[in-house]
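Notes for the one structure printed next.
Should a chain be cited, it is by its letter among A, B, C and D, assigned in written order, with residues numbered from 1 in that chain.
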Amino acid sequence: MSHRRITFIQAVREAFQEEMRRDERVFILGQDVRAGIFGTTSKLVGEFGEDRVINTPICESASVGAAVGAAMTGLRPVVQIMFGDFNYLAMEITANQAGQWHYLSDGALKVPMVIETPSGARGGAGYGHSQSLEAAFILPPGLKVAVPSTPYDAKGLLKSAIRDDNPVLFFEHRRLLTQRGHVPEEEYLIPLGQADIKREGKDVTLVALSATVQKALSAAERLSQQGIEVEVIDPRTLVPLDKETIFKSLQKTYHLVVVEEGRRRGGFGAELTAIAAEEWFDTLDAPVQRLGTISAPLPYSPVLEAACIPSEDDIVRAVLRSLGQEE
Amino acid sequence: MALDNDTLKELYRNMVTVRLLEKRVERLVTAARIPCSGHFGTGQEAVGVGICGPLRSDDYLFGTHRGFAEYIGKGMAPAEILCEYYGKATSLSRGRLGQHLLKVDVGIMPLPSSLGSEFGMSVGAALSSKLRRSGQVTVNLFGEGTAGQADFGPALEMASLWQLPLVFVCNNNQYVELAHYRNVVATEDIAPRAGGYGVPYEIVDGNDITLVYDATERAVSRARNGEGPMLLEFKTYRRGTHYTGDPGGYQPREEIAAWEKKDPIDRCRDRMMAEGFWAETDEQAMRETIEAEIEAAVQFAEESPYPDPATVTENIYAQGGDKS
Amino acid sequence: MSHRRITFIQAVREAFQEEMRRDERVFILGQDVRAGIFGTTSKLVGEFGEDRVINTPICESASVGAAVGAAMTGLRPVVQIMFGDFNYLAMEITANQAGQWHYLSDGALKVPMVIETPSGARGGAGYGHSQSLEAAFILPPGLKVAVPSTPYDAKGLLKSAIRDDNPVLFFEHRRLLTQRGHVPEEEYLIPLGQADIKREGKDVTLVALSATVQKALSAAERLSQQGIEVEVIDPRTLVPLDKETIFKSLQKTYHLVVVEEGRRRGGFGAELTAIAAEEWFDTLDAPVQRLGTISAPLPYSPVLEAACIPSEDDIVRAVLRSLGQEE
Amino acid sequence: MALDNDTLKELYRNMVTVRLLEKRVERLVTAARIPCSGHFGTGQEAVGVGICGPLRSDDYLFGTHRGFAEYIGKGMAPAEILCEYYGKATSLSRGRLGQHLLKVDVGIMPLPSSLGSEFGMSVGAALSSKLRRSGQVTVNLFGEGTAGQADFGPALEMASLWQLPLVFVCNNNQYVELAHYRNVVATEDIAPRAGGYGVPYEIVDGNDITLVYDATERAVSRARNGEGPMLLEFKTYRRGTHYTGDPGGYQPREEIAAWEKKDPIDRCRDRMMAEGFWAETDEQAMRETIEAEIEAAVQFAEESPYPDPATVTENIYAQGGDKS
């Protein structure tokens, strides 16, 4: 096995290349996808032509609508929404239509499509280009939601998402896009619904998403120096959710901390904590600690933005709180 | 291809079926045999039926919430419609869809509960057939009120930009729920809006099914030949109320009466009789057959079982994914 | 005090009348609000004129946008969205704009507006006219969310919502609209953020929303015959949430059950259960029981619809489960 | 009211301020002194500056993400812009807004991060001033790419239907991000789309500030007199790249060169000089003053403190509610 290290962007682009070569029904549409504002779709038009890499007008709702229509009629579109925040523009078509017609048609229609969407706070983008809205897609039925945290996961999950017969939202944290990681040359897939244990530990189960995985790992490293062994789990997809892996960890640690960059109120952590309080109650030795962005608009100024979003320090403190210790 | 006599007879038969079926369903709704409310289209049957005339069975149709014209026109049977409205296990959707009629294998595509959400989807269907070089045409039928919805302009833009085989059809029946359309629509005509996006358009009498057929046929052949989208606006009139729960009263009686004189079914029958290929006996025989078909369909739907509640969790997600 | 009983519709209409008389900045816009499809705004145009009861084109996004613009410039609009499901059409403007500009402008702008929206399943309306989507508005910042369950609450909450300087979503369950309840002649307000104990009890705290409150009360009645005393709490607003009242009840009962008609996955129950597992952990003697609609599109057929939505029986069973008993 | 010499001088001064300030901010972004990326509008300053000329200070402006023209034009000071871009506590928003410039007391209304979300809001602002009989006019400026957004048509419809004091202004700078606009816009002109909704329109050279001023003045007086909305399309050109991170290269060099010859600042200065009310000495004095003002503003912003992180939870909700 090679030890090639490539960026998240390259990993995503490779996933597109491989899937577009493999299946001519796959095509990409979105604003400036030919140029590729964030690079994930750049140069694809050279290999696949303008019919399969389509620049759309600035209209997220109709673009996602077009993807739904194409998906229902035999193609496998990937529609790029340039910033995660803009998914709310297409909320009706995503939540009320894309996720529902397979069921409503009793299986006569399938909606195999991916919404690829860079998102998250990276400093200096301000309120409407910085939000992490993945949790908004847990409530609507019929959707799947992927939130990769490494180039390896991004490639493997995106390939599975493209092959999946359901609509999948694929969130790419903009802070991760230029980071490098190991991605083998050989083809691989990562199934949707399989969590990954990013670090093993026995004292606390720390579930982290997307860009917070790295913060969680750094926090775990620091805590390890104090003798606290944190198990860091990246669920990788919010729907379907790999409850087994998290539960198995909890059966070892009895302590649960959840961290996400999306807002805490009504976030993924709410759903996971609720699952824990319902299904794993006897496996909890302490209150769950739930971290997320405060329930405010994301301010622009870097000092304010940082004050909203969970930091490595916040995670360390939450783990200690979970163990009944103060830092 | 001009409209030949046999085709016209079939369109006529479809219009009559629509009229009789709607009346029958209205009674069933009022009698609470059917759990939903109904939105009917008495007086405007020529549009939905006529636009389906020139379509292939694999062409895509995005229809409306009002009545059955385009559904009958595109190939749904009365029994299929009734079973959906009853919510029975024998319906194509096994009780899931109700009024949101769907029949994928004759090209009847989703009717979204949110008006206008089909605009993007119809762009996608047309884009898909263009990319697949399948020769299919997509027809997107919508009301003049629905033309106010957000994705209407963007759909015109995309259809024009990509020269899609997509025919937009505005069924202008002059009412938007409980008010005259000029209450919420800024212009007399919707069609010129297409011009703003470079999409050619025609405004046509929607109560003459031959004109509806011919205009659609022109637009569909253009689209099929790769000459891009068109918009057709058919002027017609909704003689009934908005829905079964609407007591009405806001449509001037003289207005209704004037449009009754232009009834599309009467006009079609008069023409066929005048041209000598339809007789009173044909009429009677046809009506008897249709009524019998509808009654059989009602009975079938009535006697069909409700779906098993245990099926409610089936097909939430498609299983397995891509198999190729 | 009189014992007048009026319908939910009348209560809402009275709230509009009183507030429109009191403050000429208040006006209503929406589809067919002059006729009033569900009756809540019917006849208001007679008293207040066409300038203050405005029929809009069929475009939810621009209508809510217009309300935001009017609210920012000195008026106090109420925009009606005919079915709760259609709020997703205006999700961008509601979640990314309406709730955020007061904060972003550091207080220079206010957005005093109400989104009035009939919703919920009533049988025979099908997938896109039946959903309860109130939980979707917990995640976005800056919004308030009211879910009245009685005519009395509806009137008092709506009057407060209209006077509030923030955007408030006001959900009216369609099954409740024609129900009658006591509403005094005298003016009153109900503050947003004040739960109501609909029935006192000492064994289990049952938090229920909107149309499920009645089911919860019937279930409580049945359970009472078995000697189980359920305390039924209606939070009345999801944001702000009256945590104190719920916590106080829990300190008495140590058992929590949450029920809503919105979907369970990612619903209000997730947030409340998470709060309990974080903040009230030591006050929980048993796993939380969380009830909501299954995560599927709402099917049309009455038998299927009923199979998706929590019933009185489901509530009884959940309470018994919470107490470690089977029915 | 024709454009008098003093007004023209002021517009000219504003254009030069915009040009110099944008160049300065571009350097600050590139040097990472300012944390955001910048979207600049070299060559199109006449539009944003010119449309503000005929406006009252209480008229509402919904501006764009590109450059500072309409913000300077409507009364924002360079220091106010810089403090926002730096995210400092001294900014009007106390560091919350960044590029989303806002100054409520001179009528500068929200710039939504999502293009097109201002369409509905501008309808609401115009409706509000109509209902309040305040005589205010709302101007909604947007790019030709943004005209593709969903709420554009509905905003035209509502403005037309309710005859609102709302002037839509399309700043057609011929590029939408990294591609020529015809890549994603179906038609050469945006303006005729207004006609489809019954909204009158004009297409005007956007590089001649006197024409921009005059056309706006006509539209604004119409609107103020209760004669309803208008749409103006100004043809101009974005000579720079889309944003600071864009290496460019897709705009033909000859195209840029051709438009350089039509530079709105040069044209305005040449005219003023030709008409004899502007001299080289005026020019030099003005530039020195502006540059000094900008440098002072940069220094002020640099030296300003960042907001206290503890303020981050302030004003999430408005407190108290209605007090009347």
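In the analysis below, a contact is a pair of C-beta atoms (placed from the backbone, for glycine too) under 8 Å apart; a residue touches a chain by one contact, two chains touch by 3 or more.
Here the structure is a predicted model, which is why all the values come from computation and not from measurement.
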_Relative to chain D, which chain's C-alpha centre is the most remote?_
B
*Report, in whole Å, the distance between the mean C-alpha point of chain C and the mean C-alpha point of chain D.*
41
*Length of the line joining the C-alpha centres of chain B and chain D, rounded to whole Å*: 45
*Calculate how many whole Å lie between the centre of chain B and the centre of chain C, each centre taken as the average of the chain's C-alpha atoms.*
36
*asked:* Where in chain B do residues touch two or more of the other chains?
replied: 93, 96-97, 100, 112-114, 148-151, 154, 157-158, 161, 184-185, 316
*For chain A, jot down the residues that touch at least 2 other chains.*
56-57, 59, 61-62, 85-86, 89, 92, 96, 103-104, 127-128, 141-142, 295-297, 299
*Chain adjacency by touch: line, ring, star, complete or other shape?*
complete
*asked:* If we count contacts the way the header does, which residues on chain C are in touch with chain D in the complex?
replied: 23, 27, 51-52, 54, 56-57, 59, 61-77, 92-93, 96-97, 101-112, 141-142, 144, 160, 162-166
_chain B - residues contacting chain C, complex_ = 34-37, 84, 87-88, 93, 95-100, 112-116, 145-146, 148-150, 176-179, 183-185, 250, 306-307, 309, 311-313, 316
*Tell me, which parts of chain B touch chain D in their complex?*
148-154, 156-158, 160-161, 184-187, 192-199
*Interfacial residue positions of chain D with respect to chain C in the complex*: 60, 92-94, 96-97, 100, 102, 104-105, 109-110, 112-114, 117-129, 131-132, 150-151, 154-155, 157-158, 161-162, 314-322, 324
*asked:* Which residues of chain C touch chain A once you look at their complex with the stated criterion?
replied: 85-86, 88-89, 91-92, 95-96, 99-100, 103-104, 127-128, 131, 133, 135-136, 138-142, 239, 262-263, 265-267, 269-271, 273-274, 276-279, 281-282, 284, 286-290, 295-297, 299
